[in-house]
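Both of the next two complexes hold chain A, though its partner changes from chain B to chain C.
Here is the complex of A and B:
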């Protein structure tokens, strides 16, 4: 749909007389402004995280414990120091720890340290996990997190994209037949979206896994993973059915309801009547006069769906044992692996902001006001 | 008394009437709970262990399951020499040595086996502890010795976990083997309950003058009460009941706290304009990208899981929510209205205009979103509880689901454990959402025609 609109715009551009470089410059300026604003947001969000986590001195304790472990391992592994008596050895370790603490500025006032932590977090220098390891055996929090992103992306992207396009498609269909029994059912079902996706998940598991035994309880692929790519994909798809359905069940009715209402409001505008009077086909009216002006709010709403779903994924993944970022957070909480928890929150903040940023750019491309704003000045 | 317009209009929507009924009964249930089971008592009972719940069956289904199961599920049977339901016979044998024989007789008529079998023995002695020997007698006259035990102050003779006894009963669990018809316990067969009169004979001996011996037999059933029990033998009904006022209070307070502050801030921003408005706008944008749930998780992990503290943070994070943008655009229109100009002209102060003139004007718009917000906060609490970050003291619906989940209720087929709190959550969600949607149509005339 979007590409169709874009080509149409490209064709109409010379007629209206907007010079393309100008538009690009304005969009560029807008994008720049938004990226600065969003960067500030990330900084504030992450700083808040640092403050919350460190208020009890947790980060410091972890840092010092890690230093002690490293220094201790270094000293004990040094053959030249083996001859020292244990008390001397301990003293030596303590001295080295103090030096290291000073080198890493852990003895500085909290404000200085908090800025250090902030920079570390922002550059994804997330330290080492206490207990958890990545599949490759690394204790680097960054690696543990990176490994989980594809699973989360796969789940939320497939569920949300199908939800989004499905809802708009059905809504368009219903707005043509409003008042029909199908329309009324959708309106009646709209309140069911108050119930979160994970909640539907529990019911789906109960029905399809527990009672009927036709779909797996959770996880991403069967254990052990199938050898061939085809079987692997098949198993993956089978495991995706329930979580994806849970997300769609949660969102579908209210989305259809909102879009349908929205389309109906827009189709009662005078210019739509005018277009009808001109004798344009229903399809053209729908595309050019109803869908086109509603695109920016559609995109905004999509952004919010995504924002909520990044967070909702935490529980949905837990319920379905889906090995994504959300379940990682749950696991980290249950074994109290602090560096992983902090890293995960930072990552979610980044994911949120990246989503918003990408959608901002799309918004800038779609919303005529971003361009018109510049035109007035010209 | 005149019924206010919107409320009367609400009764035109059948779904809204249905929703109001649900909300009404939930509120009634909440009030009933708070009045009958005081807060402290609820916490104390929910956190108690075996001393409180010892006589309750473990993981029992609700009583009404019998209706669907088709056969009669056993209920818990308690016989005790302490409350007089079993007579104790005592005879002198030698100096200071007396018998204390107790005969536990009961009719077993159920189709299902008991879930567990325990004998609680209590004794009193200075030095020489009393001795008890247990013998099991089945309706068809077989006798099975269960062993003997010296009784200190309080002894639990767990018949169900006796491995040696189990070996004697074809490897069946004692609560099955002892109640099964002979010949049905062999490997590969389905044991059948033998109905009739059972007898447990406790032959006691005391060795001191003031020494006593008492016993209580608990034949645990498979069904209990309205809601069943959990893995710690607790009556789930207690959690379901107390979950109601907590869920409603949490949802309501969070919704009130966040919508009212959002509303006031939007009005202030619209009225003062300039840098005040700009600051509020930027804060809203930042707030919209803050990861709310992870922040709550961090607080729950590092500081406190107290539900009221979490409530405070939920409200704080909700202050600069996106609603500000919607309300702001409405306030900007209100600001230009003549009556505001009039108020300004006769010298009304800024705050007076904001709070007494602008806010009441569009307050009705607040109501639908307020009503639809309540269940989302109720579910937020449940979500946190599901992650294991529920209040450590209070029983809530979310915590029941969490415990069911961590104990594999869905794998083991204990559906009631998940379904009961889930049904209540769902009812709450739907009740408020249905009313909220109807209110939305009443207050947004543009939606009404559609």
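Here is the complex of A and C:
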């Protein structure tokens, strides 16, 4: 036995020396591979979006027809051209249409243009919107998006973050009281989350705005916006109550249910029993034996909550007339404003892959069993 | 005879299940002297592990009946509230080596920290706890530089040693070993048993060893308790139990152990152990017992045979074998 101990000791010694440069090289290689793989994912995702929003090129036909109609209306409405004979007029219209088509490069094959769109999107050269403008009148997609993002973040961050942490907190509490009446009530309420948030929103508006007149129907601040910062904040908070409640009401029960089941599974692990036998306090057990080993999935869930925040809630924002990214996307889709849609998708795609990339590294930090780069067991 | 370090009297632990009440531990009484090792032998599902959990009060949620007396130092542990039990009994007076050491170690905490944890929790002082852990690692034969490893980086035998180190770190009076070697290969088993024997010699610790492995248990045992269907059917010293067991079940059990160059056929016990739900009155072994007679329809008492030997069988109704 003693010799066995010695050999194991002897083996573990030199390993420490070569470990550090080894680890660096391994992590470097891994980071490189992972970045390439994720970049390819983004390229595919964005290109698919470009294809879909352009209807695989069919949108060009619609656009040319639109141009012809607009140009035609313009020419026919121009009093200086009224004297021209109809054939000249038609020729003039055709010339203008060709010019406009050339300006928009619609005469080039869709495939060539789709690659250009892709490159522009990937380099965050988001270009100009076709129809939509920002509140300040700019057609820059970047400006349009930047203007909407704070509103969306404000709403969904306050709703989803309180939902996330609230649900975990309550779930931990319930997992300790598994089978109690409170637990049963929450479980029974879980299917209520199949109802979308905007549906709760409509009911909340009905009750608190329409019937009770204590909260506003929608929008972000009162019109006209209050002068002082304090009043402005107060008005903002008042406008936030209903949409935030709608999101929380929608998600809370099913989130608690999920996390509670998750914690229940992990608190029946042998090492939790062992910790109890060791006479550790309930708080220590909860922190070191339940939360700590389950941190990686909690962090994943949190990261995806963060990504989800940026997208906004399309219908909810529309119901509450909230000037966020969700509502912007809704408007852009309904009028085929391709650059705005693509710009939005590119933004989300980049955020998503960055999160996934960071998650891989965070996992390795949190869980010693995860070794970045798939090294053989130490 | 000294005062026993642990004295268990009429311990019951019944569970509620959908089909009825599971009588996993049913009227169990035994005592344990200082530096003594008692082995609980029995088939799978006879309530051995549940007995360990009942003594350490590690109860599932569906407990139906949990009564009896467990004395340590004149205190009835069953009367302590949960918080006092946690502070004064768990790992201070009694510790445990679990069945599967892999799952019993937290995967994301270094094993050294886990071994130090009980000392820290019960006596404070993180630094001393680590020093204590280092000392106990050496005692069970785990290299000290393994302290900064994680459970998944250790072999099965090393893990089991870590679990034993963890049980010994606070120098408790009683260590419950719940099948400490059943998942290991024979060589590792022998190593672990040697470690336990050495520790028993070097310290004052008493052991409760729970196992179905008769041959390895004989290494450590001073006394043996045979368990069948949630009850102790025989309490005997190791020497007598392994050579001339009293209870018909123990006799059959010993006859089923293979030995080298054996000419006689290995025996087995026909039939199945009873389900612990809705047990019939009378001796629980009667349906499988070769010496069954009419009296077996009544539940036999635990008959005192003198010299701390007890047997739960009507054959010994007069204090000696019929």
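The rule we apply is simple: the second predicted complex is superposed on the first by the 229 of 378 C-alpha atoms of A that agree within 3 Å, B and C clash if a C-alpha of one lies under 4 Å from a C-alpha of the other, contacts with A are read in each partner's own complex, and residues count from 1 in each chain.
Simple rule for what comes next: a residue touches a chain if its C-beta (ideal position, glycine included) is under 8 Å from a C-beta of that chain, and two chains touch if they have at least 3 such contacts.
As the structure is a computational prediction, the values presented were derived from the model and not from experiment.
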Pick one for A:279: touches chain B only (first), chain C only (second), both, or neither. second
Broader residue contact with chain A after superposition on the shared chain, chain B or chain C: B
A:109 in the overlay: touching chain B, chain C, both, or neither? Say first, second, both or neither. neither
Quick one: is A:178 in contact with chain B, with chain C, with both, or with neither? Answer first, second, both or neither. both
For A:52, is the partner it touches chain B (first), chain C (second), both, or none of the two (neither)? first
Have a look at where A:261 lands relative to chain B and chain C in the superposition and call it first, second, both or neither. first
Examine A:85 and indicate which partner it touches, taking first as chain B and second as chain C; both and neither are also allowed. neither
Quick one: is A:77 in contact with chain B, with chain C, with both, or with neither? Answer first, second, both or neither. neither
Those residues of chain A which chain B touches in one complex and chain C touches in the other: 178
Touching chain C in the complex, chain A uses residues 1-2, 5, 8-9, 12, 178-179, 269-271, 273-281, 284, 288-289, 292-293, 295, 366-369, 377-378
Help me check something: in the complex, which residues belonging to chain C touch chain A? 56, 58, 61, 86-87, 89-92, 95-96, 98, 100, 103-109, 117-118, 121-122, 141-143, 145, 150, 152-153, 166, 191, 194
Help me check something: in the complex, which residues belonging to chain B touch chain A? 15, 282, 285-286, 288-295, 297-303, 322, 372, 375-376, 379, 382-383, 386-389, 401, 405, 410-411, 413, 415, 418-419, 422, 425-426, 429-430, 432-434, 436-437, 446-447, 450
Quick check on the complex: what are the chain A residues that touch chain B? 37-38, 40-42, 44-45, 48-49, 52-53, 55-56, 58, 178, 188, 190-196, 198-199, 202-203, 205-206, 209-210, 217, 261, 264-265, 304, 307, 310-312, 314-315, 318-319, 329-330, 333-334, 336, 341-342, 344-345, 348-349, 352-353, 356
